[in-house]
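Chains: A, B, C, D, E and F, in written order; residue numbering restarts at 1 for each.
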Amino acid sequence: MSHTELRAAPHQHSGNDVPVIMRNVVYALLPICVFSVWQYGLSAAALILVVTLACLLAERINNFVSGTASTLSDWSAVITGILLALTLPPSFPLWMGAVAGLSAIWLGKSLFGGLGQNPFNPALIGRAFVQAAFPTAISTWVPAFSLNRFAGFIPTTLTAPFMLPPDIKHWIKLQGLDAFTGATPLARWKFENVAASAMEFLTGQVTACAGETSAILILLCGLYLAVRKFLDWRIPVAVMGSVTLLSWLFHLAQPARYPSPSFMLLSGGLMLGAWFMATDMASSPITPRGIWLYGALIGILTVMIRYFGGLTEGVMYAILIANATAPLLDQFNQPRVLGAKGSKS
Amino acid sequence: MSDTKEKQTSSFEMVRALGLVSVICGIIIVGIYQFTLPAADANRKLALERQVFKILPDAKNVVTYYATGKGIIAAQGHDKPPSDAVVFYAVYDSAKKLMGIAAEASSAGYADQVRVLYAYDPEKQVITGIGVISMRETPGIGDRILTDKAFLENFAALDVHLSADLQSLANAVKTVKHGTRSGLWQIDAISGATVTSKAVGRGINESAQALLPRLLPQLDKLRKAS
Amino acid sequence: MNNDTVANILLTTILPGNFVLAMFLGMCPFLGVSQKLSTAVPMGIATAFVILVASVSAYFLNMLLVHFHLEFLSVITFITVIACTVQLVEMFVKKTFPVLFRQLGIYLPLITTNCAVLGVALFQTARNYSFAQSLAYSIGGGAGFTLALILMAGLRERMQLSNVPTLVQGAAISVILGGLLSLSFMGFAGIGGGE
Amino acid sequence: MGTAYSMLVTAAFMACLGGLLAFFLSIASKRLYVYEDPRIDLVEELLPHANCGACGTAGCRNFAEQTVAGQIEPASCTVNTAEQNKHIAALLGVAMGNVEKRVARLACAGGHHVAKMRARYRGLTSCRAASVAGGGGKNCSWGCLGLGDCADVCNFDAIVIDRHGLPVVDLAKCTACGDCVDICPKNLFFIHGVTKKLWIACRNEDEPDAAEAACEVACTACGRCVVDGTPELIRLEKNLAVIDYEKNALDNRVAIERCPTGAIVWFEGGLTFKGKSAKKIIRIESLPAPLEV
Amino acid sequence: MRPISENLNCGLQSSIDMSSFFKKRVATFEHGIHPDYHKETGSLPIQRLPFAPKLYVPLSQHVGKPAIAIVRVGQEVLRGEVIAKADGMFSLPIHAPATGIVEAILPVPSDSGAMEMAIIIRVYQADGQEIRVRNPQNLDGLTGVALAMIMQQIGVAGKGGAVFPTHAKLIPPNGCVIDTLIVNGSECEPFLTCDHRIMVERAQHIMTGIDFARRVCGAPRAIIGVEDNKPDAIAALTAALPGDGSVTVKVVETKYPQGAAETLTYTLLGREVPVGKRSSSIGVVMNNVMTMAYVGKLLPLGEGMTERVVTVAGPAVDRPGNYIVPLGTPLHFLLDSVGAKSRAKEVILGGPMMGIAIASLDTPVTKGVCGVLAFGKKDDTEQRTYPCIHCGKCVKACPKKLNPTQMGMLAAKREYELMADQFFLAECFECGCCSYVCPSHIPLVQQFRVAKSFLKDRKTAA
Amino acid sequence: MSVPSNFDEFLDGIWKQNPIFVMVLGMCPTLAVTVSAVNAISMGLATTFVLGASCLLVSLLRHAIPKQVRIASYILIIATFVTVVDYAIQAISLDLYEALGAYIKLIVANCILLGRAEAHAAKNPPLPATFNAIGMGFGFTLGLFAIGCVREILGAGKLFGISLFGEHFQPWVVMVLPPGGFFVLAGWLIVFAAFEQYKSKRIQGVPS
């Protein structure tokens, strides 16, 4: 008989390895993509495709430069791409989407050493980068369910690279939606004090980013991942819990000024953020107590920025700032070792 | 390096050395200050006039005044405004006729203080234009207050007439969300740059509230001035 | 006179107008002393303390300068007072906490050349802050500096355990982290400002 | 206000300020004075800042303190260039000290081409990791696993793993820091003075036959070196020849000449010599898969 | 203390609806994992394995000092005869596992890969191989150390894995009062079923052993903890319980590593073993069921330990089952007998979670070997490892509530001291839950073993 | 000291000890004022002047100043020259003064200055001290300029205020915001590191 083999214990494995987890996240994201394409048409489809390809390209180039084997097969760059695309407005010029994808992977991930090493959520780094770089384009909104959405692209989509996107007021008029103000529900609330109804949110009848429109769908897809233990349920629960609690307190105190918890939960990127982006494991804490605090911090910051900040939406920045605190949260919330006295390591 | 055991320096030596260096440095600074003062002042005056000409193109002569609680005084001869004074500039045309008042308004914008100069027409009691003195707002967003035609329209005749008791503005100047302007005293914000727009409105309101009640009763003094 | 309320100044200087992340003050210690939490925290606190002292002394010094019409001496007098304060603190720490001194040794003098300290003195004067406002400004500035330093230290400790590519190791990765932190802090825009 | 006047005020103001601060500082510098020998800083500056501890102190600063205090000789820092150490000695006016250069020596010669494997280890590329997983799979359980932990920890890049999977120490680069000694799970590295020339490159304590079956260059405890070498220099212990370096290790190359496997070697001029009767191994490729006994 | 009927009820309940979610949950600890159990051999009765032509009997089959050989090469030995004597209190004698002749005293491979001294016995194939030498003694009224000294003579070491000499473990350390003897029947490792079969077939021996053990350690009560996936064992034990209620059976959740001393103590008593201390400091001593069974069987007869029950299983084994194996049987013979040798690629001593893969099939079965698993060719593509993605699954799996993520990252940078000083490296009992769940296939436990081994070497060197 | 060695001192500051890319000092102005190339150059030259002048003075006075008041005196000297520059710029161009903001005054606190004064000027004769200081200053200017160019080109589509890509260019606003400063600096640091690595590989590649 030839060589026996020596491997280290344990000799069994759960079978849920990185590609399996990542692939499942992609599956969970697909329904959201499909819904968003149905809502916004060709432009949304093109955007999702281009951003994802940009992410994959960036990842591959990075492999090439650093001389490592291809890491595309771990699927994480696909998630980054899809999530990033879902947080951009459907009318976002494709070239800017590509910039977002490249910066997400390079700035947010590769520079730190790739998979798992990134302290910030790469997709959100990509979005924050383009939000800071192209602030006008990223706050230009188009109506959902416009009539010709499958007949052609929104004019801004095909802007030539490095050029200013054209004005789309005229195009929106052509869609027969004169009343359209181009404001997201959050902006409408913040500046006009009009809160959209829960029904609008649940069915996606609002103006917003490609992937933040049907709260119920996101919730279902997130639940799938939570049930299969591919994400840590504590994070969405902590985020949604703290948002509900805080906005409920504010709402009780001044109902006219502060909207109801259900509005806060359903509007903007909260659902997608809580279920898919705050849960990015690389940039969130690992210890159970750290995770609860992290989720709560995201919730609190989101409410604070929405209520008191200059920006209308705060989920992205809340997650990024909470990412920055994650190492500290971990350090100060080490699990209590069985048999150790006290609560700290 | 050779004497390894340093000896303790006496206090006197230290005081002497530091004192001496201080004095020398002080004198150098006074020297350069005095030397550059005229050029810097000239520069500042030039800059001011340039600004004023932008909002009151026919201006010929600009005179600086201080509006204090006790009345208005010309800045000439004072090297420092009295503590409660509001600085403003009386602007005269080539016929030496008072053609308007210019004053500075400032308030916190998106990134930093936004400082604007506005022109006031004392006859009509309206603001007739604004120019930016300094700001660090985001290019492409905040700096649209300089370029956005619709926004500048607001200041073609922004109503700042005083209330009956002459103690405050009849209607406080206010920046409102884009597309919701409903009074002549309101400023229609730039969509996407609301923060900066509000800073402009807030600054003008503060400045006008402080300046105009002191200024109006004494207008004649200015008319006669030149 | 400036009309910002004390609370607004405090909030603004800590979050959206963070000295390090938005105003670029005190970058050198931010990049230099943020390697480990154990040195970042004392450094942050020491700096915050010096900022406070500098702000108070600058306030009174400025009154003196204004009285004598010597405003043009502001830079030189402020910085001299700061330098001496730092030197005193340094001697004090060396004498009383020799262990801490060994850890912070080379960094203490750095506080002198920390732009944040002089920056507070100069900005509060330029903005005509009252005493209370100056105090808020300096406390907020110090707290913001410490906050940024601590966040950075946490991130950098984590980076030490990651596989950062060799090319990026060292200064570059800290600068990038600083950039990303700064990008995140843009989310606070508008908090504490106006309204 | 005249220029002269403002000059005067300025001068007076600055003088007061400068004087006052200097006064405070002078008081403080007396009250809070801590004496520290300035030479410590100077010496530290001349050190390599490797903080490796090879000199036996707790890092370079500590070394500087100790040299200044005369407790340790400058040459004890083996990482530094001799040049720099001379500077230190000159600075302090002390003797350089005469510390023999020491290097790490490997007590195994069983590369893949001469030593058999029992099992194939799969997992982390690390000797210690392999060694905790059932010993690493080498037939000789004392032998080098060749996965390069030592090369990995050497801060001075002094170790490379050769094509037979054996670490080779670059004597010029090795500073005797001892990291490789600590890390090797089989304890195969020893720090030795370069002047000690005799060396047993094997640690196999197995019975002679088993040892030779496991590795072609193992020490078979045949005792020829014991007989040939200076009396009492070499002895046999647990099926291994052991050199007593207390008893003049410099001696005698004859001790190696009749060794049948070449387990005892002679270092000279940076080269390693085997005896004349040692088997000549010309194989390059790894040995074939082992047969079950 | 529970009445017997309730215990029975518990057992039945769990046999009907094991993972019943809505009903009252069985006692358990926090974290841990639910691997695939593969307990098919649990229903097969124990069989006897033939004697190998040569037995390799290592002198060190327990932790503590190795025994000292008292036979010469060429000497004839009888089955049951002492062939090596104990070297002090923390040592055990070795008995000849078969009648035969001492062929040599040579080092043989051990599970750690190192060579260890062993007495090699050529077995008389014609012999009937009954136990030839016994040394029964009067045990009546003996307790404490006196009983322990006699217990030492039968050479029983812990069968739960740690192989600590049982008599020494049972003597309470100075100042400790033992209030509970926990008998560990959880057998949480996948594949292994030898404890299960022992509980089913030898319940009476177990009870006798428990009685002796309680007499040594002075514990007023004993609790047998059994996982709820072994209803027949629970029923058998319950039926054999002594009437006075001093011994009880408690059903615990089937979860890995339920059987580890710290977790089982926590499950049964809610007590945590303090960091760095032994369980005796909280009044508990724990023994494995098979240890108890052997004590119960051998002690009254004064017979030495010459064989043990071993689970032989795994995908590459043709006739898996539980076998009584003479100590010293080399693995190649064992695997040949069950029809596995030609297919086995990887052979593991112990269970798949904690067992050690062995390098040489010459390695003999010793007192601590509870299972021999043989795996065939694994798919040749190595399990690809990824960098740690910070998923924290390991943190949420570690039954000791350590922080494997942090330790793993530190280990990768060789920060071993930091792991020990700040992250309780020494507390890791190497259960393998962290590696099992790690989606990046990071060999965490192995890293921790490396760290421990490094620190230990450094300590001995210093 | 011969002229070539002075020249080496000068080059050292520009390349081997470049204050921005190698020593990573003086970060505040590096990040704050580099939104345009002109600002960057002006800031760099102002710093160079202060650096040169104060190092000269410090070197001249190096024996006259007691150790305990060393730092205070250096600071005084530096602050003097900073004030000089401050007023000089006010006299030259108010626009520039506005653009550079408080950072001119903050040159005082620029670590490079005190560092040079302490580490070099206080230990060396005037000529090499000044050369070294000016070299550093130019190195600093170079670094600022490199960053300023990128930020102006991407952030405004211009260089030295001249539009490069026509009026339809979409400026990358982030470049003129604080994070952009960090990113561009990091980019240059990486380029610098890559270059050094390439160089050292080349040297090692030569058989010895």
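Here, contacts are C-beta pairs under 8 Å (C-beta built on N, C-alpha and C of every residue); 3 or more make two chains touch, one makes a residue touch a chain.
The structure displayed is predicted, hence computed values, not measured ones.
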Hypothetical removal of chain C, resulting connected chain groups: one piece
Remotest chain, chain B as reference, centres from CA atoms: E
Distance between the centres, which are taken as Cα means, of chain E and chain D, whole angstrom: 42
Approximate Å spacing (C-alpha centroids) for the pair chain C, chain E: 60
Separation of chain A from chain C, taking each centre as the mean of its C-alpha atoms, in whole Å: 33
Cα-centroid distance, chain E relative to chain F, in whole angstrom: 69
For chain F, residues contacting two or more additional chains: 68-69, 72, 76, 79-80, 83, 87, 173-174, 177, 179-180, 183
Multi-partner residues of chain A (each touching 2 or more other chains): 1, 4-9, 107, 113-114, 117, 129, 132, 135, 310
Per-residue overlap in chain B, given as positions that touch at least 2 other chains: 6, 9, 14, 17-18, 21-22, 25-26, 29-30, 33, 79, 110, 138, 140-141, 195
Graph class of chain-chain contacts, one of line, ring, star, complete, other: other
Which chain pairs touch, all of them: A-B, A-C, A-D, A-E, A-F, B-C, B-D, B-F, C-D, C-E, C-F, D-E, D-F
Chain F-touching residues of chain A, taken from the complex the two chains share: 96, 107, 129, 132-135, 137, 159, 162-165
Footprint of chain E on chain D - complex, ascending: 118-119, 122-124, 126, 128-129, 131-137, 141, 153, 181-183, 185, 187, 205-207, 210, 292-293
Interface residues, chain F side, partner chain D - complex: 68-69, 72, 76
Touching residues on chain C, where the partner in the complex is chain E: 160-163
For the chain C and chain A complex, residues of the former touching the latter: 37, 150-151, 154-155, 157-159, 162-165, 168, 172-173, 176-177, 180-181, 183-193
